[in-house]
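Report on the structure given below.
Each chain carries a letter (A, B, C and D) given by its place in the written order, and its residues are counted from 1.
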Amino acid sequence: MTAEATNQISSEDFHERMHANHMYGLWELASQMTPHPQPKMVPYLWKGALFDSIIEQSGEVVPIGNERRALQLFNPGLDGRWATTNSLLGAVQMLLPGETARAHRHTPTAIRFIMEGTGAYTAVDGERVYMKPGDLVLTPSWAWHDHGNETNERVVWFDGLDLPLIQSLEAMFFQLYDVPMVPLTRPHNDSEHLHGHAAIAPTWVKEKPLSSPLLIYSWDAAYGALMSMQDHDGDPFEGIKLEYQHPQTGGPVLPTMACYIQLIRAGERLKAHRQTGSAVYYVERGNGETIIDGVKYVWGKGDVMVMPSWAVREHANTSKSEDAILFSISDVPVLEKLGLHKTEGYEENGGHQQVTSTFQPESV
Amino acid sequence: MTAEATNQISSEDFHERMHANHMYGLWELASQMTPHPQPKMVPYLWKGALFDSIIEQSGEVVPIGNERRALQLFNPGLDGRWATTNSLLGAVQMLLPGETARAHRHTPTAIRFIMEGTGAYTAVDGERVYMKPGDLVLTPSWAWHDHGNETNERVVWFDGLDLPLIQSLEAMFFQLYDVPMVPLTRPHNDSEHLHGHAAIAPTWVKEKPLSSPLLIYSWDAAYGALMSMQDHDGDPFEGIKLEYQHPQTGGPVLPTMACYIQLIRAGERLKAHRQTGSAVYYVERGNGETIIDGVKYVWGKGDVMVMPSWAVREHANTSKSEDAILFSISDVPVLEKLGLHKTEGYEENGGHQQVTSTFQPESV
Amino acid sequence: MTAEATNQISSEDFHERMHANHMYGLWELASQMTPHPQPKMVPYLWKGALFDSIIEQSGEVVPIGNERRALQLFNPGLDGRWATTNSLLGAVQMLLPGETARAHRHTPTAIRFIMEGTGAYTAVDGERVYMKPGDLVLTPSWAWHDHGNETNERVVWFDGLDLPLIQSLEAMFFQLYDVPMVPLTRPHNDSEHLHGHAAIAPTWVKEKPLSSPLLIYSWDAAYGALMSMQDHDGDPFEGIKLEYQHPQTGGPVLPTMACYIQLIRAGERLKAHRQTGSAVYYVERGNGETIIDGVKYVWGKGDVMVMPSWAVREHANTSKSEDAILFSISDVPVLEKLGLHKTEGYEENGGHQQVTSTFQPESV
Amino acid sequence: MTAEATNQISSEDFHERMHANHMYGLWELASQMTPHPQPKMVPYLWKGALFDSIIEQSGEVVPIGNERRALQLFNPGLDGRWATTNSLLGAVQMLLPGETARAHRHTPTAIRFIMEGTGAYTAVDGERVYMKPGDLVLTPSWAWHDHGNETNERVVWFDGLDLPLIQSLEAMFFQLYDVPMVPLTRPHNDSEHLHGHAAIAPTWVKEKPLSSPLLIYSWDAAYGALMSMQDHDGDPFEGIKLEYQHPQTGGPVLPTMACYIQLIRAGERLKAHRQTGSAVYYVERGNGETIIDGVKYVWGKGDVMVMPSWAVREHANTSKSEDAILFSISDVPVLEKLGLHKTEGYEENGGHQQVTSTFQPESV
């Protein structure tokens, strides 16, 4: 190719030719190299009362035998993507009395945190765990699972999944089991009998799966742990925040998702900070507020809140006398494994943000 | 809420109300739970001759002093997203004689595989490495780097980045250094002096970073390793495929991206298989073909090819006498760390696919 | 050196010269390369009644203010070495009412398993843990510790140390604290508040020491865990044997020593096997027997038994109605880390040994 | 037991009774809790000329067909124990032309560092490696091995084993192969073809054994690495000291034994320090001295030197113009895994010891 020849192409023609061949110049894209994360997802808050009302209606409109009444929370910033944050999905699900779900499995990993109702079960790989409010239940990636409500009352839980992450990694697999229920091969709550003890473990269990072999983390244990540490200083930004653990490794319960339970004591206002990684919170009890990038989100029992990556966050319990407890899921384990977890304390203004406005959910 | 009240809502009104509150029913979304990955990205092939021509033109249209002549390869299936696969970005970059690039850093991690030209340098955190064809050079996440071409000839390399992954994890950070070049604080090629030896290492270096401390992997060493193993059977699906390693841990060179060099011997036809994870290939030498989900992609020296997640792939060297060598990058380390790496041999038809068509690049 | 010269030396002179220069011929030593371990240590059993009697006497002969009444168990095969097995030391210690021990630390790591008495304390690095029968207490390597009995009754515990191992590795360090008690810097039983929960952990504790940060493992939790698993098959050789765990890693509580609690159910006779590594057992309750290389050791509550490396062992509960529970310490973590842990089932005779004799302790 | 009864025993009778029952009082043993390690092993030095002479004689006195001419170095402080340090054994072995050794395996792990002669082989698990001076060869724990000298000249090497450690851990196993040579199942030097490259590795080899899969570390590579780093500062106490690595993990070559090659540059005097762990050195080239606890050990090419745990050591090259190179083996990996590795710089006198005497080997 001679200099003469190439001289003849105009910039416009050159770009047209380049694009026609599925190439773009770095000079056309540099603005996407942002100085820090600028997520399209936004903070958001769904009120517990809204769930109550819509769930109740869903029981009428979507009767048993058809589909599961699971309300998927869509982040308003993500253009209709099935996602509450870039990596995580939160949902609220109601089981009607007598309802069962057909056994299936998928690569997205899931947790359940029981909001209401005692006595429904989740079965995972041949073991049934019976659940009560505050219990955390795991359904690891690719494990067969089904569930049912043998009681006379509705059961409601919060679902957390890493479905958006699995989709963006192009690793989605899904399969129905050939009969409605996986045969039971282990006693009820067997994983709790084996692995639910404080630092003592069976020597004859040799396998150490990537996901926790303990399928249910009881509310009594979680609440007891919070109470036993309530006189500690805890973390200046997050207070008495405890992580549910893989009992064999001490790592996160699931390779893509961490679960936390967090006590914010009466009157406590924590300091502001930010970190990479997104989260979805469920308010187990109490009243408080979280200031996210200057906007105040007021929360109470039953609410669900979204936290984007790198947003400055600051939690407070606004009651003078009652504890607040937050359950949350987060994709921090993914960022840590990939060397992408960054944290930063908020240094200005004594570590507390100026509030510029208060969030009003557009509840209808 | 009474039964009467809830009975009055129509399914349409119910759905409208739910959507207005940023919720969707699981029953509206179930089709997104696909039985296996169904990536929007497609296989694709860019011919080396096309790069030659467009790069040459870019030198005219985008002169030195303005921007870097780096051609970003856009996957035709990804709707204009800055991405060659869902996680990876491939590009071809030309340095003109005398050109330098201003020092900067970013969380996306990058590698360079030198295609043409001897004597340009990349500087990383105060160390300059000088490069020649076939060399692999690392610029780890968040490391300061700049580069330059002090020779009289153009230098061309293949760039590989995990930029789409970092964007989807909302972990993008970018920063310019305050002067054009980071001061040199270590001798040229110092990382090679310290870490470029076969299994022997300095005892006084205590730090073990997540990314390899060895910044350049020389072509002579890579080619020598391929030759020393050429009489082995190798992998039935991938042949004599070697992974560049982190010298202190034996793991992948970068936490989000693995690099490979792969020999397909004259006349060799490997068996078909698939795996989760995507890849971008650069043909270092030779002629051959890869059948991807039944479509034949014919490749030769200088071509770049995209491999989607879970596509059935089958490589062959179509020359009777010449070796073929493929360099590639892959996001498999991410999938492995998260427990999402799945592989499957292709069992039908003796392990070989029926060819249904041959890919024709739409080169203009 | 010419052949003539060397020819002149006799074999005797040659050997004499070699030995004078601190060399021996391999041909003189080959018999020490034994086909399998042939330990000099022997199995042994001390009866609980003997401890009672000698401890009581020690309280008279060695009064408070002088020395600690800790009876060190010497393996009869080890020629007066301060060792119960090649790596481990067992002892029985009594604290008189009002007794304290001066604060000190040492590289040998130690555990205590409480045999009798409620309310004495051990203080480790500024934290006091109060103890009751069945509790396991850790004093990690090089941690400051002291103890005291503020009650009106004697307290008796079983001590386990890795002192012989530390001595053979030439890594013995010992230091007295400059005042009798290390100042208390943490609330009583604080490690239990932080780390004593079932798989839930404080996020603000970042340090992960090699030894467990949980200092006390309560009897109630250990016994509860045994009971919850009593219907499992357990291990064919060891039954319902549980390992106390490092709560942050799931590994052994101490880097050189594992601790176990083991239920042998009424009437249960386990199968014979052997493994490298030695152990010391304390009978917490029940009556049974262990056949070691064909010799029967009959044990009951309060007895202490030694198990040599590679000895064939076979446990049975000889009661038809009462459970037996064994506490034990072992050096298996050392052998595992070094790739030296080997195990072998006993295949002959349906997995059960012929009894050739019954051990009679030479108690005086 | 009444107070009257126990009062009647005398201290003498009490001790006699206690000892008869294989118990000792802690008060009788406390002096063994030393403030720091006080090893019985002593520093020692064997001169290379002595090996030459005794080896030559051994060829006469112990002819081929009987036994292997391997001179075992006995530490003068260890009372005739088969040990050069508490954990390690050094030996010097000569192979006569035509000699072979019968295939066998043992749990003690061994290395060979070739002193003299080119072309003998060691076969490990079906692979023969051919050796030349300066090469390091591994025979991992429990791997079948044999060796032979097919040349016309004697071959001499330095043997290093962890035999004393294995004996003290009661983990000694030994077995003869049923025919003299293990059948060759892999090409000669195959482990080098697979694993002997600088940070590039076969993807089809999935197994990661605890011991390095690379069986030979060539002198050319080790010397080249030393030379490439000779302008670095290195370690203030140990200079340009490199560790041979497990190529798949970056860890020590063997789980119980590390191997090092160390350059002390002409005129260089390093600073004094000490650490837990013992070592045996072989002087590959040069002249220098090591001051150990104040005693000067003068060394030259071919000498072997012992370093006890916790001894203060200080190396110097006493030549103004020639490099010195030391090869050494150490049990530091054992101490590190068990949390027992401690180091301490020597702070007095500018970091250099006063020399109180000079060691004179008692060579005969």
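We take it that a residue touches a chain if its C-beta (ideal position, glycine included) is under 8 Å from a C-beta of that chain, and two chains touch if they have at least 3 such contacts.
Keep in mind it's a predicted model, so treat the numbers as computed, not measured.
**Q** Measuring centre to centre with C-alpha atoms, which chain is farthest from chain D?
**A** For chain D, the chain whose C-alpha mean is farthest off is A.
**Q** Distance between chain B and chain C based on Cα centroids, please, to the nearest Å.
**A** So the centroids are 53 Å from each other.
**Q** Starting from the mean Cα coordinates of chain A and chain C, work out the distance between those two points in Å.
**A** Centres of chain A and chain C (C-alpha means) sit 44 Å apart.
**Q** Quick check of your reading of the touch definition: is the inter-chain graph here a line, ring, star, complete or other?
**A** Shape = ring; chains linked end to end, path closes on itself.
**Q** All pairs of touching chains?
**A** Contacting pairs: A-B, A-C, B-D, C-D.
**Q** In their complex, what parts of chain D are in touch with chain C?
**A** 1, 6-7, 9, 11, 14-15, 17-18, 20-27, 29-30, 32-39, 41, 44, 46, 50, 52-54, 56-62, 66-76, 82, 86-87, 91, 93, 106-107, 141, 166-175, 210-211, 255-256, 276, 278, 308-310, 331, 334-335, 337-340, 342, 361-364
**Q** Using the touch definition up top, name the residues of chain B that touch chain D in the complex.
**A** Where chain B meets chain D, its residues are 187, 192-204, 208, 212, 214, 217, 221-222, 224-225, 228-229, 231-235, 238, 240-250, 260-261.
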